[in-house]
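One chain, chain A, appears in both complexes that follow, with chain B as partner in the first and chain C in the second.
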Partner chain A sequence: MTRTLPVARTAATTTLEVEDLVVEVLTEDGWATVVDGVSFSLGRGETLGIVGESGSGKSVTCLSIAGLMPPRQTRVRAGTLRLLGQDLTALDQRQMSDIRGPKIAMIFQEPMSSLNPAFTVGDQIAEVLRRHEGLSRKESKARAIELLDRVGVPNPARRFGQYPFEFSGGMRQRVMIAIALACTPDIIIADEPTTALDVTVQAQILELLREIQREHGMSVIFITHDLGVVADVCDRVLVMYAGQIVEGAPLDELFEDPQHPYMEGLLAAMPRMDQRTDALVSIPGHPPQVGAFPAGCRFHPRCAYVRPQCTDGAAPPLEQAGPTHTTRCLRHLELTLRGTT
Partner chain B sequence: MTELLRTSGDTTVPDTVGHERRGGADVTGVEPLLDVKDLQVTFSPRRKMFRERVELRAVDGVSFQLFPGETVGLVGESGCGKSTTARGLMRLVEPSGGSVTLGGQELLGLPAGKMRKARKDIQMVFQDPYSSLDPSMLVLDSIAEPIDVHLDLDRAQTVERVGELLQRVGLPPEYMYRYPHEFSGGQRQRITIARAIAADPRILVLDEAVSALDVSTQNQVIGLLEDLSRDADLTYLFIAHDLSVVRHISDRVAVMYLGQIVEHGDVDRVFDAPAHPYTEALLSAVPLPSPKLQRSRERIVLAGDPPDPSRVPPGCRFHTRCKYVMDVCRTVVPLPTPTVGSGEVACHLHTSGPQLAGRSVRELATPHAVVAG
Partner chain C sequence: MLRFLLLRVLTTIPVLVLVTFVVFGLVLLIPGDPAVTIAGPDATVEQVAAIRERLGLDRPLLVQYWDWVTSAMAGDLGTSLYTSRAVATSIGDALPVSMALAGAALLISLVIAVPMAIVSALRRGTWVDRVATLGSSLGIALPSFWLGLVFVLIFSLTLGWLPATGYVPFAQDPVAWLTHLVLPALTLGIAGAAESTRQLRGSIIGVLQQDYVRTARAKGLRGRMVVGKHVMKNASVPLVTVLGLQITALLGGAVLVEQVFGVPGLGQVAIAAVTTRDIPVIQGIVLIAVLVAVVCNLLVDLVYGYLNPKVRPR
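Presenting the complex of A and B:
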């Protein structure tokens, strides 16, 4: 199967390169593929969005990059992951945990589950600094308070000694960002970091992430299902469906000129706050179950443009639809799909 | 500020009463189906550390009306009191003051037996379709529960009615012999809706009823709700975080901040010409799924978290975060005044300072571009 990287980049500006990643999970019926041949590269200072329906493989892709998939129920079947030229697939668990923090940091949807309820917030930040940066107890405390201040936690010195339950959801997410920032990583992977937050708090967190990225020039992978959030923060976007990337393009191009019917459907389904819509449209049917991906184009049972050639054989290849635009639709040349303006 | 919306029941103030329904019917002179006046709900949680009891007025003087067949959206930040308003008017928590009349009957103070009867007319659908259906009960029995309580039907009639209800929400009648775990989130939410409408209520209170669903499923359930409101003349109180969905489904909308309604009006008026600075900030925080528009918009990033509801700021409750704050705002509680178009707003900008007199707060040239966080 031919695979093309969504955007060709020169080695000097590439932070991460993912090639042909295949991840399997153990189900009742044996191993099933949940991420199937995902390839992309992430440029320095770039924010790459990953969108797609629930279960399409967004989190598994990113957890695999960070080496955080549970070992016995899941396995990386194939693929290479190169971080600043270093092959991550060659590393063992221990080596991977040295990479997390200084090189790759993650922010999850529910900070409560990533923070330890039994330790103060300050200790948890300072711990990371002592472990990876070799700071002393005193130095790490000072630096942790600095970090809390940087992410907009009021009264950082007092807050340093408080427990996670004493923080609101938005403040906990700021703490998670402080932990992620602690070692100024090359990549931050943010998996639905604002989904559990109010829109007003979400706006604060998105602003904070933007500022931090501007300051440090780090690369960000941003997973979300909210196309508004994507439009707000991303430079480039990958669209996943049933374990595969089905489209990849720079932000504006993807929204204005989608090249895959699934993306067209997603755009049409978003209710708009700034407009009155008469009827909401939805993509018919349901996403396929793991282990039961349809033959041919995996989107074909739900696609309004399906033709006989779409329904069997291997999944269509990812093809160039423009210099920096890829799609996995066999009919992209004949179709004129609707975007938004 | 306890008077907001209260005046709208008075026929001399036609702005809320005389609004055009989406169907085109003019409701001037129509009696409200539900009339909530000055609702108060107070909790007194014990502070662990200090052992003293604090008074938390989760709902502090909320008034609004639901007219037959309309959908009113209720929006605002987490913790502002939306769910407590809904639970209070249904007396799932006991209000500490105010009045709630349903079809002319006062609900507060009604004895338990009569209250149970009144609940037939007003049903609630919650966010989580997983926890609101008993996993050990057949769908049939879940849906039959309100029928057994409120309607006088024998078993055969009940089964027939459950089959009809399932069809009405777009599911095959045979599904009544299955258990909740056999269904997807969207299907389960359809089942909870079937149960909520089983005893022919007149009002549905939908508290984040579509929030847990992905966008396609969410749109299908909203379509179903719209069909039901048209065919069965249902009236909705629609509580949701997602302002895009609220704009789509609502005829009117009320915006809450710290236990009070700060602005209300026809949905297009509120979204296109917000009169309250909090509404303006809330709307500007929703990212639009259009990169060009999103880049060119002015964002108002509100500083900090909303204040602790047990320690409400004096004067205007929003003054600690408002970018237009004036001296008067720190001490004097703003009273509701009519807005241009429809509804009311409680903000000093309309009577002092720039004297907006009900026009949109967006007309003000922004004094500070962004209030930093």
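Presenting the complex of A and C:
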């Protein structure tokens, strides 16, 4: 009996499809779930923001996509990760290392510690090209200098031979971007790339990322806890809380018409230029610890709209709140939540 | 780079001056008068005085010191009070032996330590790591002369593979030189390997947690490249420190192992000199040991500069 291959569900416009991703980490009490059933897709040229507090699972989700979670202490329990139709979960370490660089590249939060202090900045860019494109030392050096120039490092030929400690934070982050850009990947995952930088430098780096994305039509996953940054660069946003996606919508819709109390809280906590208030607003309480997620809706201990049905049983399902809008709130139909205007 | 080297060498001069003072002065603190010792128990006061005059021991200390330093710089470390051989010749004979032994021991310790540290750091907490940790604890704890005797028992007396004692110069017979060197070098190397493994394992574990190692993985570099290049260059700093100390110790302090295997190195010369209060020889050996230490420190500093660009002079 012959079976035709299933038609790839991934349209030509989808770069990445994540389905029911479950990631666990080893704690003293055994395996604990940190990412619980995360699903999303990423379109070509799209910038997807993932927001949430630390510990919400946003970084783990992305590190798992890139296969960078430490083995033995962490495991992908379930789910599929499809990159341009190829199932990443079926790949071994070696095959994943062929993907990282040419297909998925990453930019990390700490430009101060993300570059190796013992090697020149130029070498750290050039080695990517030698590894994936088989360039010679001379060719890779020429390309690395071009890349330094492209990301706005002045004097690239001289800077090529300098060490990370001779660069400022912003310049180092430009170098990280040059490394990510080296093999023109399909997806760049930027994990809080501007959090450690001064505000003015932050704006420059965001602008650079936007330019590069436009030039090459890359897809970008932008992990951040800063809604200001999200508003600046993202097309669509996923909100994560305690290992789950609790809301997902296009940027404007999410900000103007949030469908989950957590998102409403985040928006209310965002300092605004046009309103001067006496006290900064914050969501009461703390996000739950890994391995101790509450029953029912995981946000219910901190929710202002909590009802008895929210407090036990399984976590509520992710429901459609609109054609492109999802939420994990049982009461989203009865509640009218405040967004920004 | 050349300026750094020159500067670094110049800064050792005060150290050397200080050391020559101490070396020269130490002898004065040792109980017993060499002139009396040489003259023997039955000598008259006149005989002792004559000897004292011949050796220059009756002159002012600073003059004696200056004489000693200037002739030492010219390569003349004096004459042994006992064998009447030039000290420089005795040391010149023994130093290459000690250097060969130290070099071989260091090589063996690195060949054992580096792979063992890498494997046990990468597989932390597994049985491989536990075995390696236990092995290095044993290596540190076991006295080297005992280990040497065990090796002699196994490899020489029981298996008959290697000679138990003695030394053959390389120029005379390279193969015999090597076979005579294996057991003492192994004995010394294992102790060194144990210490180096422990240091290197710890620093690799530390470096593996650094963000830049994650960056190296995120670039798609192969595991071998991530560890061999990005981890090792940073993790080697403590190893270099340990190695620097080990070389110094190996050249000056392999006394017991040299004794067990009958290797005519500096240790043997030192023992003979100390037991007979042969002051010129003791001075010569201490001076050489200090020079070796100074050169080792210089090398260690240069390697630091290579490993860590921040400490490089600009």
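The rule is short, and it goes like this: the second predicted complex is superposed on the first by the 328 of 341 C-alpha atoms of A that agree within 3 Å, B and C clash if a C-alpha of one lies under 4 Å from a C-alpha of the other, contacts with A are read in each partner's own complex, and residues count from 1 in each chain.
Note that a contact is a pair of C-beta atoms (placed from the backbone, for glycine too) under 8 Å apart; a residue touches a chain by one contact, two chains touch by 3 or more.
Keep in mind it's a predicted model, so treat the numbers as computed, not measured.
In the superposition on chain A, A:A90 contacts neither chain B nor chain C. Of the two partner chains, chain B is the only one that A:F255 touches; chain C does not reach it.
Contact with neither chain B nor chain C is seen for A:A314 once the two complexes are overlaid on the shared chain.
With both structures placed on the common chain, the touch criterion links A:A292 to neither chain B nor chain C. In the superposed model, A:S168 lies in contact with chain B only, and not with chain C. The larger set of touched chain A residues comes from B, when the choice is between chain B and chain C. Overlap of the chain B and chain C interfaces on chain A: none, as no residue is touched by both. On chain A, the positions that touch chain B within their shared complex are 53-54, 152, 154, 168-171, 198-204, 206-208, 225-232, 251-252, 255, 265-267, 269-274, 276-277, 279-283, 286, 340-341.
Against chain C, in their complex, chain A makes its touches with residues 66, 68, 93-94, 97-102, 105-106, 108, 110, 113-119, 124, 127-128, 131-132, 163, 165, 176, 179.
By the touch criterion stated above, chain C contacts chain A in their complex at residues 210-212, 214-223, 225, 229-230, 233-234, 307-310.
Against chain A, the residues of chain B that register as touching in their complex are 77-78, 184, 214-220, 222-223, 241-245, 247-248, 268, 271, 281-294, 299, 301-302, 304-305, 373.
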